[in-house]
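Each of the next two complexes has subunit A plus one other chain: subunit B in the first, subunit C in the second.
The block that comes next holds the complex of A and B.
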């Protein structure tokens, strides 16, 4: 087990930077998820930790010990690859035994460890099979099994469940989280799926264009995104963004739009005036911070027209057209609006966000 | 869903969805409206030439020219060879001889020696070619000049074996051969040419074959190396493998199939390419390099014993087929399926 630190880590391919000045501290035993869209540098980050990729500059430290120049085999990490990377000519048992064998363990120890890991992952009936005789989920378990048979400093999971179907993915999310808690080993988990990151990690590092956008707990990242990009990337359905004017009315700042004018709270007013004097801001509201009704509740509500409704079983997503944009609202299945009808939405002002139009930075 | 039911279903779905919100689920959402309501033409006016099954006999007639050519140049000579092997063949005179051609072979020492020498020759060629070829491929793989170097490397292969034989004949020549001079200067050789001594002539031939055909092995191995899964190599590295261990446990299993193909190609070539040998030694000195195909050539076209030659050829062919089959079987077993 180890604490992993990134100190000013850069990765460049030729002149093109893939990871820019990365600084992360990942505490011993914690579950860090590196989240970002494809091409954001998250995989490069992980491969640098594994030693599969040279670190252009900066340092990666395990327990304050730089590992930049160590070969992959000397770093004592275990990695699970996106496409499993099982050895097709070896049986499941041999696949899982490989890391122990390479480290010169006794056959008896290997057998004991592999059996224990197989039991934990419920694949003990598959040990004699070859990888090609397994389903995707089973292959994934074998790949994870190969990682956990020895007790490494660190687990590296590179989108391990991206290729599984949705149901199995949801199942494996829980299993991997439980596994990490049981073993207590530090884990770095790379994913592009914000749901995976949110549901599993202790800490999320959101990356975009090679830069770390935000490092925080899932709650922090979800409730207090530092910029519009993080706000838009995290959360499903995605946050609604509406460009609003900033106006002072009777000493209180209002966000104004053709369809509405809503006052901010006192706290938020202070945060805006400290931040900037932009006359147009980007308001961000999550679909669940809006409540929708067919009757007008008050004057400070948003008026719109229903574009379409989507029933998702347990709840319903309503797409509403404002004059210049479309926003999505999450509501209960009892909602009875029809397409084309006018509807009214109130914002939970404790849960909304305002971002700078210029640099996307969050005011609140 | 068939064409006939589509409009009906969607019509019903629209009616239901109109009557109440919560029946919205029944709506067939994934079919765009334009498709649903498109009128289905009653008469089928599709172009008739497309997708119409063509009768089998049509394909047969398409193949007839190829079959005829093949029959003429390959199948007919094959049966003619079998026929000859069972007869005494002289010009203008063919006579059945009760398998005498075959019966005499086991007591023909040069026939037996031919096999032994062929085995030696082929084994030496294959070993050297595989070792050097794989080594070169590993050295070249992924280097910046890979393409240029591979192209350069392939040049010997482009040469006609006969020409290659000529070139090496001059290089080996005892009076003015450059390689001869080099080998002599290094003290490896005496004044006699490498081809002139029965101890070394075979090595001289092997060197020519290795020079000409190692590039093929390199090329095939390079292709094999390209399909070694990168992620397995990486996984093995993280698992704790040294580069050498990684090569043995991941790269090699992926190379076996291509190497088997290479071995098969090369051993078959060794069994039939004698151009350079004829030019270089003609089977000599003495009978030191008279491998079976050379002996076969001699029997048939120097002594003109066509019947006996045909018998030898038939046996050579059968052995080649059996060895080929064995290799294919090994190949099938080695072939790793995809993950």
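The block that comes next holds the complex of A and C.
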């Protein structure tokens, strides 16, 4: 087990940078999720840790020991690939035994370890089969099994459950998290699915365009996104963004829009005035920080017209048209509004956000 | 999964076409099998019996064909007095040797071309296959001169080298396609598991086995049936079956019986090889490649 540190790591393909000046500390035994859309550099990051790609500049350290120039086999990491990369001509047992065999372990030890890992993953009845005879979920377990048979410094999981169906994915999220807690091995888990990162990781590193946007706990990333991009990427349904004017009314800053005018809290007022003098900001509010009703609750509410309602079993999502944009509100299934009707929304001002219109940085 | 059935509906035209196909195939079978059959039969006949033919149009006379006393004297003559066992050995070594050398060098080269990006890779690849574009005869004279300088004319290593020259580009061409079809992630997984690059290559060889199998057959066939190289480069010390057979045609007389027997000796091993390796050959050449 090891602590993993990235120090000013760059990856360039020719002149095109894929990872820009990355600095992350991943504590020993913790679960770090690298989150970002495709092409954000997260897979390059993981492959540099595994030794499958050279590090253009900077250093990656395991427990303060630079590993830049070590071959994959000498880094003692175990990796689960997105497409599983099982050896098609070998049985499940042989697949899982491979890393031990390559390290020259005794047959008895190999058997013991493989059997134990197979039991943990509940695949001990599949050991004689070939990968083609397995379902997606089973293949994925075998790939994990191959990673856990030895006790590596580090687990690298590269979108391991992206190809499973939704139900199995939800199940595997819990299993992988539990497995990491049980084994206590440091884990770097790459994913584009913010739900996976939120639900499993101790720390999330959000990446965009090769740059680290934010490193923090799932709560920090969700509740205090550092910029509009992170705010929009994390959370489902996504955060609503509305351009608002900033006006002082009776000593209190208000966010104004054709459809509403809402006062900020005292602390938020301070945070804005410390930050900038922009007259237009991006207001961000998550669908669950809005409450919707068909009767006007107060003057400081947002007025809109219902575009469509979507019932999601336990919740309902209402799409509401404002004059210049559309926002989504999460509400209970009792909501009875219908398409085309006028509705009123109240913002929970403790849970809203304001971002700079120029650079997207968060004020609060 | 959708049904793979090919839907066809009968029309008068398709029926007529099917009839035509049946007739064509019947002729085709006769056309291809009859010479082999005659060769096989004649190799067990005395010369006089072999030339007993029915008159044209005398269909009942076909039985003449089967009226003979089987004799193995031609085979005895080939192996006891004419040294065919040496020629058979030469053929086996030349064909097998060049196949083995081509597979080893070819798979390493194909692997590199498939996995590593370097400047001029496309040009290199084209140059490799372009060496097969000139007909063999065109390069025969310079090749002979080179081999002469290296003292390789009339030796088995010389013949193996000559066949390898022509088999290697082909090996690289075929095997590169097979390596391309093996996902690189499998090697990466091997390397993360603790393998060196070379161990990773060895680990994926079973996945290109159909390609290697198919190539070995084609390579052996090329060398086994070759006459030109064997006659010129191998002449003298490394005589192979086709050359030895050709020498049975002498100015004074043509040893028909022995020629037929030599034909059988030459054909049988290849037919046997074909049967053994048929499965590989089909999956190999259709590039049925690796499914994860």
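For this structure, a couple of remarks:
Keep this in mind: the second predicted complex is superposed on the first by the 364 of 364 C-alpha atoms of A that agree within 3 Å, B and C clash if a C-alpha of one lies under 4 Å from a C-alpha of the other, contacts with A are read in each partner's own complex, and residues count from 1 in each chain.
Here is the rule we go by: a contact is a pair of C-beta atoms (placed from the backbone, for glycine too) under 8 Å apart; a residue touches a chain by one contact, two chains touch by 3 or more.
Note that the structure is a prediction, hence the values are computed from the model and not measured.
In the model built by aligning both structures on subunit A, subunit B clashes with subunit C. When the two complexes are overlaid on their common chain A, residue A:52 makes contact with subunit B and with subunit C alike. When the two complexes are overlaid on their common chain A, residue A:77 makes contact with subunit B and with subunit C alike.
In the superposition on chain A, A:14 makes contact with neither subunit B nor subunit C.
When both complexes are overlaid on chain A, the residue A:311 reaches subunit B alone and has no touch with subunit C.
In the superposed model, A:251 makes contact with neither subunit B nor subunit C. The superposed model places subunit C right into subunit B at 327-335; the other stretches listed in 3-11, 21-29 or 327-335 stay free of clashes. The interface of subunit A with subunit B overlaps its interface with subunit C at residues 50-52, 71-73, 77-79, 81, 83-89, 98-99, 102-103, 131-132, 146, 156. Within the complex formed with subunit C, the residues of subunit A that make contact are 50-52, 71-73, 77-79, 81-89, 98-99, 102-103, 131-132, 146, 156.
Taken together, the subunit B residues at the contact with subunit A in this complex read 21-22, 24-25, 229, 231-232, 234-242, 245, 249-250, 253, 336-339.
Every residue of subunit C that touches subunit A in the complex is listed here, in rising order: 183, 185-186, 188-196, 199, 203, 206-207, 290-292. Across the complex, subunit A meets subunit B through its residues 50-52, 71-73, 77-79, 81, 83-89, 98-99, 102-103, 130-132, 139, 146, 156, 309, 311, 333, 336, 338.
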